[in-house]
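Common to both upcoming complexes is chain A, partnered first by chain B, then by chain C.
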Partner chain A sequence: MVTLTSVLAHWVKTPANRYWKRRRVFIESGHFYGRSRNCYAIAIRRLEKAWTNAKHGRADLKKTTSQTWQSRISASTESLGLNYFPFAHGLAHQQVALGKKVLADLAWSEPRSFRSLVELARNDACKDPAHIGEPNENVILGSEGVDK
Partner chain B sequence: MRLTPLLRRSLSASVDQKLTFARLWAVFDAKHQNPFNSAELIANVLQGKDKPLYHYHTDCGDHVVVINCKDISLPWYEWKYRMYYHHTDYAGGASWTAAWEMHDKNPTKVLEKAVYRALPGDLTRRLRMSRLHLYADDSIPDEIKENITRQLRQLRKVPRKLDDIPEDERRSFPKLFDFPENHTL
Partner chain C sequence: MLRVLPSVARSLASSLSVRPLTSKAQAVTGEIVDQNRESRVIKTVLGAVNDQIEKGTHSRLFAVIYLHGKQFKVTAEDIIAVNTVMPVGIGETIRLNKILLAASTDFTLIGRPLLDQDLVRVYATVIERTLGHEYRIFKFRQRTRYQRSYFYRQNYTMLRINGIEIARPIDQ
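For the complex of A and B:
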């Protein structure tokens, strides 16, 4: 007779441990479709796949969120006549330490603050003649030009 | 990671929400524009990518009215060499239509297909295409014209033709000599 410590107790093959092992898996797989919800052999396979997908999703969420911020910022800067990369480069050169998240929030919540940031970046970019963009002559001012 | 941390629960907030997601109508003059470059611009507006609240799950696109579609300008020899393929699913049913031929049949078709290709190929594509209004010339129905609030920038300048330049400006342009009366240009 060997007495086991509580750490090693769950290696013992008893009906009780078999139940709790399955129970832990079924709690995670409760929202799956069909027999992968309540048949252990299928559930454990689907659960491993689900956790793998979730791991990839955690990385993808960071990427897509960053892309959303960037597209929001570039939507605002392009309506003010400056592309995203000259804007970001100009802010970095002027030592404005604002990240994409803060800039994207400023773009929709504080358009006037954002416009002054664009002006700051444009003044910086104007030192480099490659970045100066002249607007077209055949432009009729619309809603984007009314409140300038 | 939260994109819109605005926590307001009031009547003004719901009014703001409705105003924010209201559909705007833009007009684009396709005269002398490259339809494939213009299609990217128009597709961005149809998706709402020109707004600082763009999100790929949000239906925040605008309507675009395109006028003067018959005056688009294709680069190089593309009127001749750009082919539109169609197959009737019967044997020998393949057909290739050149861009100039398509343009003769329907002057809005080249731009329509260009915008269709520029939009992302998901379930929202047909919905977004339904917000695109194409007109061959500059006459727009009144019920559409009354909605328009802004104009999209043309991607390139429309060059002036000699016939468009007024007579007095043409006369005052400096020149070295006059052609003789019997000279044929």
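For the complex of A and C:
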């Protein structure tokens, strides 16, 4: 056995380095299909591509989530006889600042609260001459919740 | 007899003011018009809501709170993950002031845009400050030997909602 100085020992590549380098990749490629799970040369290429796809996916997720919220709100308001945009504009005119995320949540989990929001928006939409419909005369607004 | 739909009655719980009546104001000659209809409806509905608040007979309350640019629908004993480092220690109790909506089974208080701070109180306790999962950003350009790999983890503060209470009768 050759005894190396500490300087030369730095240059020697041991099998342990090779093992742990691959180990880090195989941990993340464990759920891939076929040889891209076990063969390092294929796994590292698939993993890099997967990381790139995940990055684009994170951007798309925001958009698709927002679309899902909107379609859920739209389905609920239409079942109560009002389209999405009169609903959204009506709430904005009435200074109700609830966002899409919460409205989509209320739409399925709190039907009675959501219905009162729709009535509030419908009352506002009836002021528009282009809107065909009668205001709900039971909706009476006041000063309690209004920001002073 | 006043006709007050339960769902619609919920809408007017938010507030009162003097506004012209809509269809009743343009009644044809000969129709009996209840001039005090608006005030009577308000009195009936607000009385029913205030009765529940004073006796504490309303069901479990939920609230929509605004915190760190996001809205959360919460009820008592919920845990919410806020995507930030909050300048409060673990175990401290904070009060969430921005309440957009508070409701029970029978009534809904809708803030325009916020409810009065003295009306609804929501308290929360900081239980944990932690990190989310790892985001990997991999940059790669073909044929240039350019590749970079970064990762980051987002900070989260976990809050336990202690309770929601309506402190006083509405519209007073």
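Throughout what follows, the second predicted complex is superposed on the first by the 117 of 148 C-alpha atoms of A that agree within 3 Å, B and C clash if a C-alpha of one lies under 4 Å from a C-alpha of the other, contacts with A are read in each partner's own complex, and residues count from 1 in each chain.
Following the convention adopted for this analysis, contacts are C-beta pairs under 8 Å (C-beta built on N, C-alpha and C of every residue); 3 or more make two chains touch, one makes a residue touch a chain.
Because the structure is predicted, anything quoted here is derived from the model rather than measured.
**Q** Determine, under the contact definition given at the top, whether A:117 touches first (chain B), second (chain C), both, or neither.
**A** Only chain C; A:117 stays clear of chain B.
**Q** If we overlay the two complexes on their shared chain A, which of chain B and chain C does A:46 touch? Say first, second, both or neither.
**A** After superposition on chain A, A:46 lies in contact with neither partner.
**Q** I'd like to know which partner A:104 touches here: chain B for first, chain C for second, both or neither.
**A** The first partner, chain B, only.
**Q** Is the number of chain A residues in contact higher for chain B or for chain C?
**A** C
**Q** Please report the chain A residues shared by its interface with chain B and its interface with chain C.
**A** 105, 109, 135-140, 142-144
**Q** Which residues, counting only chain A, touch chain C once they are in their complex?
**A** Chain A residues touching chain C: 48, 51-52, 54-55, 58, 94-99, 101-102, 105-106, 109-110, 112-113, 115-117, 119-120, 134-147.
**Q** What residues on chain C touch chain A, complex-wise?
**A** 3-12, 14-17, 19, 21-24, 38, 41-42, 62, 64, 66, 70-73, 100-101, 103, 105, 108-116, 119, 135-138, 140, 147, 149, 170-171
**Q** Once bound in the complex, which stretches of chain A touch chain B?
**A** 61-62, 64-65, 68-69, 71-73, 75-76, 78-79, 104-105, 107-109, 111, 135-140, 142-144
**Q** Which chain B residues qualify as touching chain A in the complex?
**A** 1, 3, 5-6, 24, 26, 49-56, 149-154, 156-158
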